[in-house]
Amino acid sequence: MNVNKIINRAIQELKYGQIVNLGIGLPTKILDHISPDLDIFFQSENGLLGAKKISEDSPINPELIDAGGTYIDIRSGASFFDSSVSFAMIRRGKVDITFMGAFEVDQEGSLANWKIPGYFSPGIGGAMELAQKTPKVIILCSHNDKKGNSKILKKCKLPLTAKKCITRIITDKAVLDVTNEGLVLKEIAEDLTVEELIAQTDAQLIIPQNIGTF
Amino acid sequence: MMNKQIAIEDVIATIPDGASIMVGGFGNPGTPFALINELRRQGQRNLVIIKNDANEDSIGISKLIENGQVDKLITSHIGLNKVVVELMNRQLLNVEFYPQGILAEKIRNAGAGCFGFLTDVGIDTEITDKSQLIKFQDKELKIESALYADFALIHAQNSDNYGNLVYGSAAMNFNPLMAMAANQVIVETPNLVSSDSLSPEHIHTPSAFVNSIVKVEFLTHEYQLAGA
Amino acid sequence: MNVNKIINRAIQELKYGQIVNLGIGLPTKILDHISPDLDIFFQSENGLLGAKKISEDSPINPELIDAGGTYIDIRSGASFFDSSVSFAMIRRGKVDITFMGAFEVDQEGSLANWKIPGYFSPGIGGAMELAQKTPKVIILCSHNDKKGNSKILKKCKLPLTAKKCITRIITDKAVLDVTNEGLVLKEIAEDLTVEELIAQTDAQLIIPQNIGTF
Amino acid sequence: MMNKQIAIEDVIATIPDGASIMVGGFGNPGTPFALINELRRQGQRNLVIIKNDANEDSIGISKLIENGQVDKLITSHIGLNKVVVELMNRQLLNVEFYPQGILAEKIRNAGAGCFGFLTDVGIDTEITDKSQLIKFQDKELKIESALYADFALIHAQNSDNYGNLVYGSAAMNFNPLMAMAANQVIVETPNLVSSDSLSPEHIHTPSAFVNSIVKVEFLTHEYQLAGA
């Protein structure tokens, strides 16, 4: 999987002034690649607004981590608050975008990313509220798993994180939008044909006239 | 109230077997490692521990769990502690999971002297049994009960003798909520300061919620570790 | 009515280290008469702990009032907080004593002090939660109204503030404790006989062997 | 978000007739007098106003009420405003009363994105209709619904350009709760300061909850009056 391709495409979603939450895994890599000049506030659900990648020569503050446990720094205009205010912010829709990883997504926009029964059940964390309550939920994931199976399904089989919550899916092969009509192909990886993509995707795709590449 | 300072062994000795204990912290920041270590030393058993996570193995509440002192863990996410995940999978530890913000709000609701609240979080998922849903103002909602506890163990950056607390950066997290929700609140702080050095506008936890204060004379290595 | 007698007796209830709320009217006069050395934290439900009478030569801070709208000062160790935390403190029983005025009280310990239908209905304010949730509710009021009618009743007639909430009643004529057995006379004004007090009281009084005077 | 500063007449013009508006303040401290005065000047009507009290006559929200702009007042205590009491008694103003802490908690509950909470406050009094009670965990309790609003008018001592707010002493009261509960949050402040002059640990309302900031160039006499 081409991680950088996904991250670079994800960064194009960011606009001046937004409040953004980054899930553990692929999404947190956005912090490593983003221009420090972009005026964005990253929210971390352990209680801060204004997270910034720590520079290598900065001293570490052991009390300053993100929700994934990584040492971070803060930008000018940052604030700290307790966990109830942090999720108040999330449930009130004040976080504009959340980027999350996924085990499975489906053409209805449902997301499964917190539990694989029998294999992986570390708890729900903040995922359910972020997925259900953020206005724009953007999924970053590989298009297919290691065995080549599509992660973009007609219907999720794993326990859901939230139903019909996804706005956009960015994989290494495509950018897909969830619409009332179904899953619309917006952009395709430049080294792939539409036929190849369809063959590698379980979900039904709506193919419009104009498709971008990335 | 007034001078609430007390020796760590004396105040931890007030915790009986079977107590429910809220423990502050999200990962390492805000975790009261010294109070936990003393609880491990004294060895109270059959505890119910309420904490956002299980710390990492060999530190924090993981020590209590590994030592068999904990019957039940009420938490949100234990993914960074393989030992505790393993104990849960082998059914040696009862773990009750909530979405993180729901766990925070259950504790906040108790702290406000209420008995529960209505939410729609997770109602389309397996964490909700449809039979529990009630109809309120034309919405299908779930009642989440308030979560009280016998004790809270809190780590504050600063405290005065009255127990006015200030937390450092991301170490706030669950601490102020738990300080309101528990019946007996025990605080550890490396900095016992004069009241006049604290700004009354910037107290995170007012003294009314604090029962006992332990001055931590030095911070162990655990306070310097990477978080979560 | 001898206001000072009530206030002086009320002050004897205060002990080192307590958290105390003072209702509007008679109770707030406690602040004027109390020794500044007594280490007490007065809570005001508009969001502060550590209220202190303002000294005459102090500058006024227009943002610093008590719940009755009087300019105050704060003591060392004071804190400010929002209205939800203020009432969290009250509902969690962290305020040790609340002193309140009354229109009527009764021998079951019920209190009416917020509404006189048709005459006075300014709203509930903080009275209901303070009366219902404070471990020690002490009522300060005149024993009889201007027409001589007893305010200490067998049963309140006005809308209740809270049922069975009162710990102790301090009037200009008596100190009465609410017990499971009924209203017990603890102390009587030194210029009054027990017979006179009974004649001026509607409620049934339990008269123990030893009665103090004040 | 980012620079949220806006002219007072422009931002108040976004409030339509019939809007529900939360107004900060307990008595005078924390009351956004400048924003209220502009609302009075523009004359929007059929408003629903939510405030702890009605200010005193001739100032604050009493001006809006006396001017006939308010259909309904949701409040806790209006005892210091005889004019408003009189309008209520003559049934010229619809007033809905709640116990003060319940009003605060209804707003806090909305601010937390919830739909209601369970309480026993007032269940033995005339404010509770026994038919509303539900049984939950063997207790008789009342469901209080969350109280949302279209707008909140907030007075802050300090704000930066992002809308990180700090309140002065007893002027905090309902302001941070309302800033979370309203869909559009309009702040007035006499001190628009640089972010770097605010300590991130001591922000009372994080910028995420603030939509618009009005710099109040000078404070009118109302800010200097005795409270309540």
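As written, the chain order gives the labels A, B, C and D, with residue 1 at the start of each chain.
The criterion applied here is as follows: contacts are C-beta pairs under 8 Å (C-beta built on N, C-alpha and C of every residue); 3 or more make two chains touch, one makes a residue touch a chain.
Predicted model, so just to flag it, every value in this text is computed and none were measured.
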Maximum centroid distance from chain C, chain identifier (CA atoms): A
A-D against C-D, pair bridged by the larger set of C-beta contacts: C-D
Centroid distance [mean C-alpha coordinates] between chain D and chain B, Å: 32
Distance between chain centroids, defined by C-alpha means - chain A, chain D (Å): 36
Chain centre separation (chain C, chain D; CA means) in Å: 29
Mean-CA-position distance for chain C and chain A (Å): 57
Touching two or more other chains - residue numbers and ranges from chain B: 105, 108, 112, 114, 120, 167-169, 172, 200-201, 204
Multi-chain contact residues (two or more partners), chain A: 48, 74, 80-81, 84, 87-88, 90-91, 133
Inter-chain touch pairs (all): A-B, A-D, B-C, B-D, C-D
Residue ranges of chain A touching chain B (in the complex, touch as defined): 44-48, 61-65, 67-71, 74, 80-84, 86-88, 90-91, 121-129, 132-133, 159-163
Chain A contact footprint on chain D (complex, rising order): 1-2, 111-114, 160-162, 164, 180, 195-196, 200-201, 203, 206-209
Of all residues in chain B, those that touch chain D in their complex: 105, 108-109, 112, 114-120, 136-137, 139, 141, 143, 145-146, 166-169, 172, 199-202, 204
Residue ranges of chain D touching chain C (in the complex, touch as defined): 26-30, 52, 75-80, 85, 95, 97-102, 104-105, 107-108, 120-122, 124-127, 157, 167-177, 204, 223-228
Parts of chain A lying in touch with chain D, wherever the complex brings them together: 16-19, 39, 41, 43, 48-50, 74, 76-81, 84-85, 87-95, 133
